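By written order: A, B, C and D. Residues from 1 in each chain.
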Amino acid sequence: MKNSAILLVSCPDRKGEVATIADFVYRHGGNILHADEHADEESGLFLMRVEFDPKDFDVPLSEFAEHFAPIAQKFQMTWRLAQSAHRPRMIIFVSKYDHCLVDLLYRHQSGELACEIPLIISNHPDNKAVADFYRIPYECVSVTKENKGAAEARIQTSIDAHKPDFIVLARYMQILSNEFVNRYPQRIVNIHHSFLPAFVGARPYHQAFERGVKLIGATSHYVTEVLDDGPIIEQDVVRVSHRDTVDDLIRKGRDLEKVVLSRAVRSHVESRVLVYGNKTVVF
Amino acid sequence: MKNSAILLVSCPDRKGEVATIADFVYRHGGNILHADEHADEESGLFLMRVEFDPKDFDVPLSEFAEHFAPIAQKFQMTWRLAQSAHRPRMIIFVSKYDHCLVDLLYRHQSGELACEIPLIISNHPDNKAVADFYRIPYECVSVTKENKGAAEARIQTSIDAHKPDFIVLARYMQILSNEFVNRYPQRIVNIHHSFLPAFVGARPYHQAFERGVKLIGATSHYVTEVLDDGPIIEQDVVRVSHRDTVDDLIRKGRDLEKVVLSRAVRSHVESRVLVYGNKTVVF
Amino acid sequence: MKNSAILLVSCPDRKGEVATIADFVYRHGGNILHADEHADEESGLFLMRVEFDPKDFDVPLSEFAEHFAPIAQKFQMTWRLAQSAHRPRMIIFVSKYDHCLVDLLYRHQSGELACEIPLIISNHPDNKAVADFYRIPYECVSVTKENKGAAEARIQTSIDAHKPDFIVLARYMQILSNEFVNRYPQRIVNIHHSFLPAFVGARPYHQAFERGVKLIGATSHYVTEVLDDGPIIEQDVVRVSHRDTVDDLIRKGRDLEKVVLSRAVRSHVESRVLVYGNKTVVF
Amino acid sequence: MKNSAILLVSCPDRKGEVATIADFVYRHGGNILHADEHADEESGLFLMRVEFDPKDFDVPLSEFAEHFAPIAQKFQMTWRLAQSAHRPRMIIFVSKYDHCLVDLLYRHQSGELACEIPLIISNHPDNKAVADFYRIPYECVSVTKENKGAAEARIQTSIDAHKPDFIVLARYMQILSNEFVNRYPQRIVNIHHSFLPAFVGARPYHQAFERGVKLIGATSHYVTEVLDDGPIIEQDVVRVSHRDTVDDLIRKGRDLEKVVLSRAVRSHVESRVLVYGNKTVVF
């Protein structure tokens, strides 16, 4: 399998960043495979993703930080180094609707998603069979109005045991506490079944039907404290008409949700997403 | 040129409407060219569009009403008869941005829009040259905070002289009074430069840029008293990315606006749009 | 579950067909739910699909034929009556690539496809596990250059035992004999992984990559004697760029193939497809 | 107006190119605005586009070549330097169909295309009025079977007087000689009204109608000696159905052709297109 190192950088925009980073990689024997950068005029931020082949890199990647530190300091960079050989650990949350879960598990098995799935968390037992089929541990933590706090505590304990790199809410219908959300900044990926910011909140297909829109959408975004308001990673739409009932919207929407969520997850897994303000760059 | 008669019907949904209407047309010697119908479960409404060749129709179309009256009464139908040979009269309102105007005029000239354009109204003189090129009368009525009422009165007088069947707001940036709007129910077609209901109101591309959406849209709808809230006729979207500035959104959006508005106008001109509640059927 | 009757008609185009059919349904107490028709000018054919609620129909549907015969004769109609309550029997053929199979089985289980799946035929054992998971019988008939005839004979015997209404080739990589194909006219649905008629034959994604196209496609069509030439039911495309390798095209294509094939199968199952010449109407 | 310098490079792929180029720009005081690169595995080619702000560049751009020469030599680079302030000269060829011409002229006037249009060449007088409106010189050179050679000679003379950087065939229906084509390698942009490689040659909408496709397309490509076979710059498609006649395909196709051609022209004008083999990278 191809192994590559991925350097993600964001810093105030000024001259020489591209040259300095490219030179650093080159000087140490790395071969740049892909380089993407973006300068955001509004915020004055510079964002970069450099993927390089570390085969002949003359510094062990475990010591990358100390060698890169002077550059990072000089340019006031926020940065991290990912490795494609390191498969991030993704925990999936799901309720009853199984289409996104089934889709993610299939893609994972077929090699489209280079991550591990140590655990599935659900508030319903319904999806255990498909988890078993794909041999992924499945834990059911039922959530009620009364046990909300206790349930989240139990979920937290389970999650902690599996050290996730990120969490995917694959149509998980429970609201997570701000405390929980803030523990995983830019690391909880949600799928909302509308073209945000239209139709925030509950029953978006019903809202769309009421409004008589000619397209419906789906949006994958990072979860923040504000409902359906986090940085958008991916969106798409599909055409509908007066012939479509709410049930048709829901059915057509399922296909959208699967595709949009899986693209977002794939981008996240491959370290292609950089957040700035409430927006994302997807390289 | 092909001449066809178009019967548009809406009524409470019950048995026998299709058969009764089809039989009426057939019995009088008409040949059905297209028939579309839709039963809306929520409202219990039945909507139908029947296009027929009246060549051998044994009743003059001018006397259609009295022959059709018994059926209309029996089924409590709201109905009207359009004729493709009758080119509806469309008055275009425009401000400075000319892309939708230029697009409509070109399509009109090239035969895509089977309507007359007796007049263009604008609050700016800028677009007179292109109106002249296409030989469409152009009247400039400047609107200020102070003269709003008087300006609308003057516009009303000009319009009245031209007996429009409908009005198109091709990026007209002035708010029309409720009085004016209510004079033309389901007969003012607007283009809004967002995927409604997202980004209602002013500067939608700036709003979209701020929110960091991955698609931008345009919406054509009938104007009602509530801003950007009328029945949607057509919508479409285009992909954007972090590389796109607000200016890029505006540029990409122009192409969307042109296509979406012209499709909506064409559907209206061809009597394909039926309104029910706050929604449309576009047959 | 909703039960409806679906009358599919094709005949030479002349006056009175819509009226006659609508009247027939109405006169016998049926309530028309949807009516779609199309007159093809080139061939002079009239095609119609009428879906009606037979609850109060005064003739048993088993005796529909004899009552409808005079009309059919008068208009020289080719016709058939389908019932939504009758779930057609679909046999799936698959080789190693499992994405279309898995997608069809999931949709079937989730209620999107109103059909039975009595059997899966494959020339490889690989997909037995997923067939077992969904509890669909799976028969493996390996095909080699030498045993081609015998293998097809064995497949034929297996199929015959299950009386399929139609067959879906969900990425089945063996060529079927003309004899076999002709036994199921307009009843074998294939998915080809290109935007036909571009890239007929083997390795279409490699062909597309070589040509440097900016979009790749997938096409679902009925199988005829001529390779990749049958009537097209559904097509779609997705954008690619220079960044995409052949493997990326294959991956992106999988999503296309799934969606395009499942839409075609759904249209077929719901009796929405009418073939005329080498084309289809999908109502 | 923003002035930027754009360096386009292609060379055999080996280590250090990004670093060397970025360092060269930086060392001389240039600020990199955008950098895009692509390594094509098949051909072993490395392609790069670097856009930088030359405000503080310490070498006059007119002397760029001699300073860059050692790098170019070392890496065996094919390269050129473009400047956004230099507006390339585009000559448009057109026959009778005017939609692409009108679209290009409008976009040019509205500032979307940063190029000069010194001349329009046509084999028909029909489009002179719109050329006049936009104040672009229009030369009519009628072409017949008999005068083909002489006509092309006359066209060549006219063109030469205007020193075009590139030529756009905006639905020009005459075949140009190989001699002519070879004089402008990768500098003649054509629009073909199909999704190439499907429906090469004449009357592609008629071919598409005959085949019964569910989408129609348009393709913009560089012209080579082989008909409709040059490197593809941009493509797009739109959905059609059995309801669309050939005339409808032609009408829907017009919108496609305009959008696809104008995107390709814009990419060419902004020096975003690099050709390798028979393909393009569009950065």
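One rule holds for everything that comes next: a contact is a pair of C-beta atoms (placed from the backbone, for glycine too) under 8 Å apart; a residue touches a chain by one contact, two chains touch by 3 or more.
What you see is a predicted model, and the numbers here were worked out from it, not measured in a lab.
J.: Does A-D or A-C have the larger number of C-beta pairs in contact?
T.: A-D is joined by more C-beta pairs in contact.
J.: What chain lies farthest away from chain C once each centre is taken as the mean of the Cα atoms?
T.: D
J.: So, what's the distance in Å between the C-alpha centres of chain B and chain A?
T.: 41
J.: Where the CA atoms of chain A average out and where those of chain C average out, how many Å apart are those spots?
T.: Result: the chain centres lie 37 Å from each other.
J.: Touching two or more other chains, which residues of chain A qualify?
T.: Not one residue of chain A touches more than one other chain, so the list is empty.
J.: Report the residues of chain D in contact with chain A in the complex, numbered from low to high.
T.: 15-16, 18-20, 22-23, 25-27, 29, 31-37, 39
J.: Once bound in the complex, which stretches of chain D touch chain B?
T.: 98-99, 102, 106, 110, 112, 129-130, 133, 251, 255, 259
J.: Which residues of chain D touch chain C once you look at their complex with the stated criterion?
T.: These residues of chain D touch chain C: 38, 40-41, 195-199, 211-215, 217, 231-237, 241-243, 245, 277-282.
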